[in-house]
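These notes are about the structure you will find just below.
Each chain carries a letter (A, B, C, D, E, F and G) given by its place in the written order, and its residues are counted from 1.
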Amino acid sequence: MVLPIDLLEVSINREVSLLLKDGRLLKGKLLGFDQYMNLVLDEAREEKEDSERRIGKVVVRGSNVVSISLM
Amino acid sequence: MVLPIDLLEVSINREVSLLLKDGRLLKGKLLGFDQYMNLVLDEAREEKEDSERRIGKVVVRGSNVVSISLM
Amino acid sequence: MVLPIDLLEVSINREVSLLLKDGRLLKGKLLGFDQYMNLVLDEAREEKEDSERRIGKVVVRGSNVVSISLM
Amino acid sequence: MVLPIDLLEVSINREVSLLLKDGRLLKGKLLGFDQYMNLVLDEAREEKEDSERRIGKVVVRGSNVVSISLM
Amino acid sequence: MVLPIDLLEVSINREVSLLLKDGRLLKGKLLGFDQYMNLVLDEAREEKEDSERRIGKVVVRGSNVVSISLM
Amino acid sequence: MVLPIDLLEVSINREVSLLLKDGRLLKGKLLGFDQYMNLVLDEAREEKEDSERRIGKVVVRGSNVVSISLM
Amino acid sequence: MVLPIDLLEVSINREVSLLLKDGRLLKGKLLGFDQYMNLVLDEAREEKEDSERRIGKVVVRGSNVVSISLM
């Protein structure tokens, strides 16, 4: 079995895509996470219809995250 | 009695369909889960009206899941 | 006093009707449940205005359930 | 002081009216409850504008309940 | 310092006004409360624009309460 | 480091402004708080576009509070 | 691995940008935080389309925060 935490661990220092509860899509390099699935992204950017907003280093609270996918 | 965790265990490596709170429908092969019902899907895709979006490997947070059905 | 868990136990292997938070109505045979009121239904189907969608075996997360009634 | 649990206990086998978070109004005989205020009603019915829907025996999850009043 | 529980205790047997999350306003005599701020009101009534609905004895779940004010 | 609880403690008996989840703005003198950030305000009033509603002594549940600022 | 708490610690006394669940954007100097990610900002201001509102010292409850980014 692949535990959720296992997939997060192999994703460290790789590009991930976060879908948030409010529909926002964040991409960036996963630097770390804790037991609440709070996540740290580097070089994060929010992707919109036809543009992107650069955010840089960011902590995203796990309670707002729907899914985390490896890119 | 069939516990929820029993049905998840027999679903490992099989195709499942997740209904999310925001109405999204995700399908993919269940690779694993934890005690919060956070789930790992492989070859995940989001099914829409008349198309599908390929997502690949993904962690879905249990708090956003309404139901998990065996396909 | 009839505890909620008592009514669930006598409902095992019987038809139940679940009302979900998003207004959906699921019917099926109750196979089991856990302490969070996560439920397992067999031969589940979602009833809509004038049709029904067959779902089969499904785990429904308790946090999305409003009520469980015996049919 | 009258604790919430005290009022529920004297309400056993009496008619109560439940207001749910989604605005629904359920009436029925209170058969029991647990520490999460999950409730069991017998002869439950949902009251609407000018009709009522008979539900029978039902478990209502406490997290969806706004108030419980003695009728 | 006046703890929230201190103000509730001096409010026992006095008229209070509850603002609920769904915007409803309930008034009544506070009979008691528990550690989750579930409350018991006597002679409760819901105040609306230009009328009031009499509810009688009621348990209000704390998770639906925004504020409790002394009248 | 200034802990959230430190700022609340120095705010006792001073005017604070509470932003609630439903957008309401409450002002008043902070009398106390507990570990859930339930708060007690004295001489509370709700500020609206061009008027204010006097509320008096009030317990505000922490789960409805977005932010607490010193005035 | 960079834990979320690590990034918050290096952000102390630096400018951060908070995205709240209701879409509000708060900026200010991070003075501190606790284990629930309740945050203390100094010289906080809310940024809107084409203006900003000065808030001063503020406690922001972690449960309302979507993300915290270093500026």
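As a working rule, a residue touches a chain if its C-beta (ideal position, glycine included) is under 8 Å from a C-beta of that chain, and two chains touch if they have at least 3 such contacts.
In this text the structure is predicted, and so the values were computed from the model without any measurement.
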Chain-contact steps, minimal, separating subunit D from subunit B: 2
Rounded Å distance, subunit C centre to subunit E centre (Cα mean): 33
Centre-to-centre distance between subunit G and subunit D (centres being mean Cα positions), rounded to whole Å: 42
Subunit C residues counted as touching two or more neighbouring chains: 63
Sequence of chains encountered when the ring is traversed from subunit B in the direction of subunit C: B, C, D, E, F, G, A
Parts of subunit E lying in touch with subunit F, wherever the complex brings them together: 1-8, 21, 23, 37, 62-63, 65-71
Touch list for subunit G against partner subunit F, complex: 12, 20, 22, 26, 31-34, 38-40, 44, 55-61, 63-64
